[in-house]
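First chain A sits with chain B, and in the next complex the same chain sits with chain C.
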Partner chain A sequence: MKQFVEKMKGKSAYAYLIPCFLVFAVFLFYPFVKTIYLSLYKTDKLGQAKLFVGLENYTDLLTSESFYNSLFVTLLFVVIVVVGSMLIGLIGAVLCSKAFPGIRVFSTSYALPMAIASSGAAMIFKIILNPTIGILNKLTGLDINWIADPKYALICVAVLTAWLNSGINFLYFSAGLGNIDESIYERASVDGATGIQKFFRLTLPGLSPIMFYTLVVNIIQAFQSFGQIKILTSGGPGESTNVIVYSIYRDAFFNYKFGSAAAQSVVLFLIIMALTLVMFKVEKKGVKY
Partner chain B sequence: MAAFDHSITMEQGNYDQEEVAKLHSLMNTRALRKKRIRKGVLVGLNIVFALFMLFPLLYSVSVSVMPSEELFTMDMNLLPSNPTFDNYVRAFTQVPLVRFILNSFLVAGCITLGQIITCSLAAFAFSFLEFKGKNVLFMLVMATMMVPGEAVIISNYLTVSSMNLLDTYIVLILPSLTSAMGIFLFRQFYMTFPISLYESARLDGCGNLRFIIKILIPLTKSAIGAMAVYTFINAWNMYMWPLLVTGSEEMRTVQIGISMLNSVDAQSITLMMAGVVAIILPSMVIFIVGQKQLISGMFQGAVKG
Partner chain C sequence: MSELILKNVCKMYDKKQYAVRDFSLKIEDGEFVIFVGPSGCGKSTTLRMIAGLEEITSGELWIDKQLCNYVEPKDRDLSMVFQNYALYPQMTVYDNMAFALQIRKVPKKEIDKKVQEAASVLGIRHLLKQRPGALSGGQKQRVAIGSAIMREPKAFLMDEPLSNLDAKLRAQMRVELSELHKRLSATMIYVTHDQTEAMTLGTKIVVMKDGFIQQADTPKAVYEHPANLFVAGFIGSPSMNFFEGSIRKTDKGADFVLESGTALEIPEDRAFALLNEYRNKKVILGVRPEHFLSEITAKDPKADYTKRVLNGVITTREMLGAESMFYLEEASAGEFAARLPVETKGRTRDEMTLFVDMDRVHFFDAETEHNIFYRGGQQ
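Presenting the complex of A and B:
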């Protein structure tokens, strides 16, 4: 009897894992396998796998101009978003690195985009960017149809996304700056270093441990942007903002090509997995620039 | 050079205390002025940058109190000349905004509570208990971070539609009831407690569940706070999943409900902005109130790991 109780206690550990693994199993592991399965099939309009086609969905993708366009657009989008959001976060963090009256208000406003929904932000930008009544054209005196022009549409959604993602970068960089030893700045001042020299020689290298992590997190986050693109441009004009996540959504829910959408999902997963593995590998080695 | 040195020592002799003090205070005021100028420049730069960062939000508030004929002009109209709350009144009466807000509060609240429960249970097992396959299972949890939600969203949609769950609260809540991030964060905190804390509680006859509720949860309030703020905001701002699984107006969350206004006639733009401001406000307030908690929880866990 006592043995039985002991045995039960050993087993009871699994009971604590059941709730989370149940959710993971139904909404992550199972759909993950199913996505791979679907990517090997042609489906009907309800998403039922009908005809096994092997890798045809993938070879179709690799010969489709639209897919290459979508990869290219995604890449461009990610680059603009990551550079923009890290730059904004860094400027905010540097501006708030020394105490001054009212610092709480400013640091809150720099972190605030974290709390803003992509859909709400997209609707605000839609009005700001409106060609006739939009405040951007009025303030700059330009006459540009920002969202309807394939030249500018991608930049617009990317800038909006950069703004949305900058809040968390501000927090990362502020934490990073807080870890830099103040005394090195004093010593540099004594040696006659200018502010710009101090920034490039001391601040940036001091941030390098957190820089790489922030970079990868930002890239992954940018890849997953959806709401702002759906609301602001719907992938258009043409296919100029048809990033891969939007393309998955469009293929599945407008074109009912669930097989092709599943194949694109697998590609998206492979990209994110590769980035995550790189991050873990480099983090283990320790980054030093 | 030598003569110069000499003159100084000569002069030093001539200084009386008063003059030295004067010089001292002069240098002090100079240094102070320099410091003040620097502070002033810093504050100035911050004001410029903050205005730039907050511009979309400030402008949306301005439009939300603008009569719509003021918006539709070619003139500069940063601020309304006749501010009105009419747009808010219309937004709350013509659109079931209250229903959307209640839906979102319910969904985000359940997700937050659910994640805290499932994640703390799992993190407890991973930090205090010994069992077969512990490392493999933990690796499996961590590996889920590599799967972007967008990559499995189609299969999830097909699953819930085959289960006839579309357009229910359950379908909005269920898939988000756990998170690898949460398990990781809580485990990081639990690992800082000595295992003897658990062992002595066990010796005193404290069961596992009681240990979690009476000891672990009170000790990790800051982690729970951070997690709650983060999860609630993310759940409140969810867009793609609710867009796919809700159909009827009664089930829409705030983000979907408001973006549906997007397509209606141009006259209701100001109404729409009032709605946008009304739904951004709750997540903003929660962020501002919980900010300190969030930051300390986020980085305490990260640093100790």
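Presenting the complex of A and C:
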């Protein structure tokens, strides 16, 4: 008996994990396993697995031009979004790191995108980008049908997404800048460093830990953008903004090819996981704490 | 190397109180100026104004005949050791030291030579690859010194650069800094709380209190002719003993009389001046611990040595090595300290009679606290 109690003492730690584990199981593990399961089947219109096809859904994907297009579009989209949102966030944070009159107004407006629903922002952008009544064409004097032109559509949604994601980046970077000791800037200026030298030699390295974290979060977030694409372009024109997430949605809920959609989900998962692992490897070398 | 002039420099933080007030000082080329004063008297603030990190509220700062109030810190060509080190946390010790040269695009080889040289002088060669986070306070401080002495700026500003080192290392660094000063004939401004550093390194000591300069003079002059009660008590360790009393006329000249009635004969040369202005008035007598003697060595034929003694009961006795500190209790004057040869006899609670070297004592006006015999000083 005594032995049993002793044994249970060590194991009791696991008991505390049960609530969390249950939530994870219901909302993450079950859907995840189910997705893998579905990706091996052909389904009926209700999404029930009907016919086991093995890896056929995957081989179909790998031979489909549309899928490669999706991959390429996604990649381009992610790059523009991540670079854009991090730049906007960083520049905003650096500009707002010094106290000046009206700083509150500026910080609030830089952080604001965080509070805007992506679909709401998409609606506003739709009006801004409207070729006849939109303010963008009015101001620039251009005559471009932004959303309907395959050349510009992807850039438009990407820029919108970058701006939407920049709010949280602004917060992260502001916090990161607040952590950098003010006196090292003083020493640098006595040492004779210019503003640009200070930025590249002190600010950027000082931000590197938070920068890495923001990068990972941003990449994952960018891969999963959906609302604004759905409202602004619905994957079009043609397939020019058909990113993987949108393609999954379309295959599942319009074409009722749940099997193919599940297979794409798995591929997306693999890509994100691989990227995250690579980044953590790189982090060990590049990030200085 | 160069000359710095501060004219009536004031600093006010937040429109409330002056941190530094009417600070006027001329620092010649190659001078080693020491700022001393109690904590919070404005030493760091003055240094930071010279470096350009703090705006000068009013007054003028001239570096090499150029008005520098509004010159950017990076264009002043100074180098500074900060009180809190201010090392770059993301860089190695090597890069920390090399930073000022790197941004000036000095060739790598030259940088390497200088860094290695300074690192071995400071005894931190084995730390070059570390980051500041992994260093002890004293090591960080040496890195900060190393970073500051990479260049040959117009002036070195050092804010308590040795405060965190152990006694041996401190003595060693003191010698190094003194050599650096001689070798580069550099202008240096140096803040310290350490009496030895102040007395040995400086060519000029600036004593500050509450943002005001109390006295600015050579270490010897500040020690031998303190301008007022504060400077007298602040410079010298252990500090000067003060006795309240009054001046009384005698047949031969004048006596200083303690409340207990004990009279001390004042030497002739000062007796008349004191009688003129301070007859029967309150004055404060200042005697350094080393100016008590257990026996008379020099004989002044005119002096009445029986009237130059102070009695007291020993309360504590401390061994300092070659000398002993005696703390004595006098009836009215309270406790005072005397530094005597180590072989001096006397145990706790013994009565002791000490001669006062009356030629080297100081008299202070009890109201203004000025040294009565202080005649200005060089500025």
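Definition applied: the second predicted complex is superposed on the first by the 252 of 289 C-alpha atoms of A that agree within 3 Å, B and C clash if a C-alpha of one lies under 4 Å from a C-alpha of the other, contacts with A are read in each partner's own complex, and residues count from 1 in each chain.
The working rule: contacts are C-beta pairs under 8 Å (C-beta built on N, C-alpha and C of every residue); 3 or more make two chains touch, one makes a residue touch a chain.
Note that the structure is a prediction, hence the values are computed from the model and not measured.
Participant: So, does A:Ala175 touch the first partner chain B, the second partner chain C, both, or neither?
Facilitator: The answer is first: A:Ala175 touches chain B but not chain C.
Participant: Quick one: name whichever of chain B and chain C touches more residues of chain A.
Facilitator: It is B that touches the greater number of chain A residues.
Participant: Looking at the overlay, what does A:Gly206 touch: chain B (first), chain C (second), both, or neither?
Facilitator: A:Gly206: touches chain C, not chain B.
Participant: Check the residue A:Phe24 against both partner chains and state whether it touches chain B (first), chain C (second), both, or neither.
Facilitator: In the superposed model, A:Phe24 contacts chain B only, not chain C.
Participant: Could you look at A:Ser66 and tell me whether it touches chain B, chain C, both or neither (first, second, both, neither)?
Facilitator: After superposing on A, A:Ser66 lies clear of both chain B and chain C.
Participant: Return first, second, both or neither, reflecting whether A:Asn255 touches chain B, chain C, both chains, or no partner chain.
Facilitator: Neither chain B nor chain C is touched by A:Asn255.
Participant: Let me check the overlay on chain A: which residues of chain A are in contact with chain B and also with chain C?
Facilitator: none
Participant: Spell out the residues on chain A that touch chain B in their complex, using ranges where they run on.
Facilitator: 10-14, 16-17, 19-21, 23-24, 26-28, 30-32, 34-35, 38, 47, 88, 91-92, 95-96, 98, 100-102, 105-106, 108-128, 132-133, 135, 138-139, 163, 166, 171, 175, 220, 223-224, 226-227, 230-231, 245, 248-249, 252-253, 258, 261-262, 265-266, 268-269, 272-273, 276-277
Participant: Residues of chain B touching chain A in their complex?
Facilitator: The touching residues are 39, 42-43, 45-46, 49-50, 53-54, 56-57, 59-60, 63, 71-74, 76-78, 117-119, 121-122, 124-125, 129-131, 134, 137, 140-141, 144-159, 174-175, 177-178, 183, 208, 233, 236-237, 239-240, 243-244, 255-256, 258-259, 262, 269, 272-273, 276, 279-280, 283-284, 286-288, 291, 295, 298-299.
Participant: What part of chain A is in contact with chain C in the complex they form?
Facilitator: Those residues of chain A that touch chain C are 181, 183-184, 186-194, 197, 201-202, 205-206, 208, 288.
Participant: Write out the stretch or stretches of chain C touching chain A in their complex.
Facilitator: That would be residues 51-53, 72-80, 82, 84, 86-91, 99-100, 103-104, 131, 147, 157 of chain C.
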